[in-house]
Amino acid sequence: MASTYGKFFRVTTWGESHGPALGAVLDGCPAGIEVDEALIQHDLDRRRVGQSKVTSPRNERDNVQILSGVFEGRTTGAPISLITYNADADSTKYDSIRDLYRPGHADYTYTAKWGHRDHRGGGRSSARETWGRVATSSIARALLKQAGIDVYAFTKQIGTIVAERFERDAIEQNLVRCCDPEAAERMVAAIDQIKIEKDSLGGIVEVRAEGVPPGLGEPIADKLDAMIGQAMLSIPATKGVEIGEGFKSAPMRGSQHNDDLYVDESGRVRTRTNHAGGMVGGISNGETIVARVAIKPTSSVSRIQETVDIYGNPREILVEGRHDPCVVPRAVPVVEAMMLLVLADLYLINRMSRVAWEAPNA
Amino acid sequence: MASTYGKFFRVTTWGESHGPALGAVLDGCPAGIEVDEALIQHDLDRRRVGQSKVTSPRNERDNVQILSGVFEGRTTGAPISLITYNADADSTKYDSIRDLYRPGHADYTYTAKWGHRDHRGGGRSSARETWGRVATSSIARALLKQAGIDVYAFTKQIGTIVAERFERDAIEQNLVRCCDPEAAERMVAAIDQIKIEKDSLGGIVEVRAEGVPPGLGEPIADKLDAMIGQAMLSIPATKGVEIGEGFKSAPMRGSQHNDDLYVDESGRVRTRTNHAGGMVGGISNGETIVARVAIKPTSSVSRIQETVDIYGNPREILVEGRHDPCVVPRAVPVVEAMMLLVLADLYLINRMSRVAWEAPNA
Amino acid sequence: MASTYGKFFRVTTWGESHGPALGAVLDGCPAGIEVDEALIQHDLDRRRVGQSKVTSPRNERDNVQILSGVFEGRTTGAPISLITYNADADSTKYDSIRDLYRPGHADYTYTAKWGHRDHRGGGRSSARETWGRVATSSIARALLKQAGIDVYAFTKQIGTIVAERFERDAIEQNLVRCCDPEAAERMVAAIDQIKIEKDSLGGIVEVRAEGVPPGLGEPIADKLDAMIGQAMLSIPATKGVEIGEGFKSAPMRGSQHNDDLYVDESGRVRTRTNHAGGMVGGISNGETIVARVAIKPTSSVSRIQETVDIYGNPREILVEGRHDPCVVPRAVPVVEAMMLLVLADLYLINRMSRVAWEAPNA
Amino acid sequence: MASTYGKFFRVTTWGESHGPALGAVLDGCPAGIEVDEALIQHDLDRRRVGQSKVTSPRNERDNVQILSGVFEGRTTGAPISLITYNADADSTKYDSIRDLYRPGHADYTYTAKWGHRDHRGGGRSSARETWGRVATSSIARALLKQAGIDVYAFTKQIGTIVAERFERDAIEQNLVRCCDPEAAERMVAAIDQIKIEKDSLGGIVEVRAEGVPPGLGEPIADKLDAMIGQAMLSIPATKGVEIGEGFKSAPMRGSQHNDDLYVDESGRVRTRTNHAGGMVGGISNGETIVARVAIKPTSSVSRIQETVDIYGNPREILVEGRHDPCVVPRAVPVVEAMMLLVLADLYLINRMSRVAWEAPNA
């Protein structure tokens, strides 16, 4: 079950960073959803390496091919197989660390678990695996769009620089995908500087979903919050996830944190505030869903580090290869993708909640 | 799939706060695990209401009965059914809010989803549901103990008071289950005061697992971090979860955050620091697992709040009933329980990782 | 996953033949389904022992209690927990076989798998486990009734006596639940005789579902036929399952077996014949679903048999206790129950097949 | 969940008969299993069209490419992606039936379910889908071989001709994969004749597994028999499955059907006979597993048949295209594949049955 997300709208990814190809199979997608290869590619281009000076210089076009499940521009109900072939995988750069474990990487844990060492570019633990998540999330987006749901993510923090303004239109206008154009400039400068210092930066990504109807999420284990928790912490390099006020709710009082209810002019039940981040009791309440994800600084730093080799000897390591000095800008579309996959799954499952009993306020 | 945790070691809970009984079925437990009803009851007593002045005065003995799956003191491989009957459910206290939605509670979202209103004590969204999680986690604890794994949780923060020392022995010696006895005293005082103010407090619970061998966790979707994320955010009132440095990793540099590797005297691969919180690439690395969970302040506050009724009219509400002014002390055994369930599941699944290929450093 | 049926409408059973109680938890049932405890009991009474001279004389009232998931007579969307307490379990009758494996029973295989021997009445492998399947199937029946689906089963064959006529009204009018009243009389006589001979009989149960709309069943693995295959072969004592012509289709020609299509007066696409048994390509086609299940003769026969004990010594065994000389009449409601569970699950899942693409002949 | 088999050793297939490619992803395979592309191809060649005069003349080489999950000749624990590109898909042959439903095919049911018509060669319901099952089953075979398990299938019956002798070596020596060389000759002649008559034949395939240790299979829902039932009835054109004596057990007496137990010279518990087909109570007992599968005659017959078009008009249809006059010989490797997938899954799951409790006869 390792490589499959979702209970009903299910995505299985496969492929290694330096293998011949990467892909994903989406099973459980309803028939009739319009699929536009160009839109999938657009989402993939936001994720790919080599897109700007703040990302890894590895050059992968990441071209998507649809191999099944789409006929005459629409999903058929059959599994949708998407594939891309690796073009610029240069494994020779990894020869020098063939028998070394890189600190901060999954080298040791993969070897400890599976009993062997695939030294080429992180293999399955590489962020390249997220290609399939983003590719299939495009189809989730098309499904959710029909339901009026709009999902977007952006950079909230890089290093110690925090966005202070929110301009949605600004997000895709700067290299770091920050909602605050002024902070974005400082973030780009900070990344330029950290490259010079042969070090790396982390940050925080925020994701929002607007137009989500009340009712999404399945108590108890498959709460909306719980599914977001799993999805976000399945992204490489993430170390935390929070909903609404998140960790800031700990020092609040109940009278501050509770969101009072009212009925708006259209007759919908709404909340005056949105401390809860769009969900109560694990179920969406119709307000904007808000989550934030902590991203650790990239593990690959071009400095001498202490480590051990696969034979158990102490060694020093200098990690070469091509890396992102800060993975946050490329994490934005991945965080967005995971929210899309979570919501598509829960949206479909929610269609089975009721058969006949009318709501008292329906 | 709403009410089932786990992929293989699976717990299904059932029962409402004010129904006749609550229970859980554990399927997938190996045969041969010793089960001691007294140990289960011990864990349940840590969770139950009415245990001290800082918890709700509702009085439930929460006695566990084992109905199946155990023979002559050991698990048989069959599903283990555990039950407790509700004794002190007084639904009349909820009559006045029969047609009102309580702010911060799941009243509106449950009605929006399922189309009806069960007004009695929160029904399924009540924290009473966690009885079955704690009861079954005792069996997970027995399983993990065989593998040398030790899991414990404690209060890290209540309101604005943060634990500054760590004394494991202190945890169960104070009413708030804090690892810092001096902070614990101030936390108890803060709860006393907030009760007078008819308000409530939140906080942070930390959970640790020691002795976890390397290899637990399944990439990609079922990473150890991801499973912890789902488990913790499935607990009522949680708003965030973080691993290791968590959100504090965002402003760190890679050279600071990376944990250097070395080989200890026993020949084991270890890390000098544990910023990662015991896992890399979604797989345990043999260091102590460290996670923290943010708990919002209790939603039930005995103050007038703005709300709407089930007919869509604006109303005021004063929530009566018996509540915890701060749920953090009772959340400690629940957070611990979820970590036990996560680890038991991943421990079993990890037994299928390898057949024959020997590790290069085995 | 051992004890859970279904992908979405999921039933988990628990309990041993001679334990304190038996039960089932149904999760994934939509809200709003009317639940009538008397109707559940009616279905259970058809399954229970001691109902007539052709069944085991063990006396269990099998009273159902609903412990959760139902409020004011309707399902709430929460897990539905059903329980019955064992009343007439007399384990002393099994003391003489405490260390013997009964031929034809699961005694040896359970011990080989789990590493211990629970000698009391078959433990978990007893047909008593089917109590929970029948109990929850009543709720599936209520769900399917809303969709116009009607499921019923009957005895087609006992020993060498085969039903030749079909009268639906006759089924519940005779002790063996046969659709042919004349054959039924001979079947009852055959069972009377086999009891005298201290032997047992097998037979065949047929199950039909009328009113099933086209579209149920998920290719590839979760085809309607495949789900029926799993469900029926999960019933104790079953040795085969077939759909439509079943094994009789092997010697047929394609031109004979194909069901020609036509449009009936109401505009529905129909087939002239129903060799396929109501499904093509794993998906229901709107015709009556027809399946048959082979039931082996009861393993408990009161004769001396050759066996071994748990220490590996050759032994003779004479199985005492109370048994059905022919389990077919009591298998009828269980086969019916499994078809109900399969169809409820696939009915719900089918609601997610389409979003927008209109059928060309819609 | 439609296109995924297995609970732990899980195979997801994708691709349409006339799409660009077909494939499968195997997730949950342990690390360290030797993978030989030539052996996979060998299994695939037994399944492919155009292999002899008794199969469809469509010419597909069915070359397998391994895209992930294998490194230096062994599985790594990562998902294994296998692909083949369609070469000889000629959809123009289907243009004449673009708006007609073929009797016996899934044309109508797919349209009824998904709301559209993909007329090209059966799309997803084509037997070409089984490519991925056979490809991945080769890896299951390698896994099971390590455990001493040997699985093989053969033709038992074609039309009215039944194999009377069993010679294992004969199976792959004749065009119809029959265990009886003399019957095989008559079967080939019968297929030659039915082609002339523009009709088709069905038959029965038997599958056996030798060397299966006791303990495989999970009661209750995931019994070995139940998993075989699902797997076999998920194969296109199957209409029945039976275990051991199967439907022949119905007229037997308990004293005939029970398999007496004894201890063989090596100390293993064995049965004198094997009426049960290698499993009791849903768990393997160490004897040879025996199952039979009924295959209906091919639906494509080159005769005028009555049908309707997608607009609901009565029509006549003459199905062109390239078909197998009898699919049984090519079903043999598919039945074998499904048994391999079932056993690999249950073999792994069984590793989690016990932790410590020693068997009384261990």
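Think of it as A, B, C and D in the order they're written, each chain with its own count starting at 1.
The rule we apply is simple: a residue touches a chain if its C-beta (ideal position, glycine included) is under 8 Å from a C-beta of that chain, and two chains touch if they have at least 3 such contacts.
All values reported here derive from a predicted model rather than from experimental measurement.
Colleague: Looking at A-C and A-D, which pair shares more C-beta contacts?
Modeller: Result of the comparison of A-C and A-D: A-D.
Colleague: What rotation angle superposes the Cα atoms of chain A onto chain B, in degrees to the nearest 5?
Modeller: 180
Colleague: Does the chain B and chain C pair touch with the same residues on each side or with different residues, judged by whether over half of the numbers are shared?
Modeller: Same, since over half the interface numbering is common to both chains.
Colleague: Measure off the straight-line distance from the CA centroid of chain A to the CA centroid of chain B, and report it in whole Å.
Modeller: Their C-alpha centroids are separated by 25 Å.
Colleague: So the centre of each chain is just the mean of its C-alpha atoms; given that, what is the distance between chain A and chain D in Å?
Modeller: For chain A versus chain D, the centre distance works out to 38 Å.
Colleague: Using the average of all C-alpha atoms in each chain as its centre, how far is it in Å between chain A and chain C?
Modeller: Distance between chain centres: 45 Å.
Colleague: Can you list every residue of chain A that touches 2 or more other chains, as numbers and ranges?
Modeller: 1-4, 8, 13, 28, 31-32, 74, 77-78, 113-116, 124, 219, 353-354, 357-358
Colleague: What does chain D use to touch chain A in their complex?
Modeller: Interface residues on the chain D side: 1-4, 8, 10, 12-16, 19-23, 25, 27-28, 31-32, 65, 67-69, 71-72, 74, 76-81, 83, 113-116, 118, 123-124.
Colleague: What does chain C use to touch chain A in their complex?
Modeller: Answer in residue numbers: 8, 28, 30-33, 74, 77-78, 143, 146, 219, 348-349, 351-358.
Colleague: For chain D, which residues count as touching chain C in their complex?
Modeller: Residues 1-5, 7, 13, 99, 101, 103-106, 108-117, 124-125, 129, 157, 159-160, 194, 199-204, 214-215, 217-223, 225-234, 236, 238-247, 249-263, 267, 269, 271-272, 276-277, 279-286, 294-301, 303, 305-308, 310-314, 350, 353-354, 357-362.
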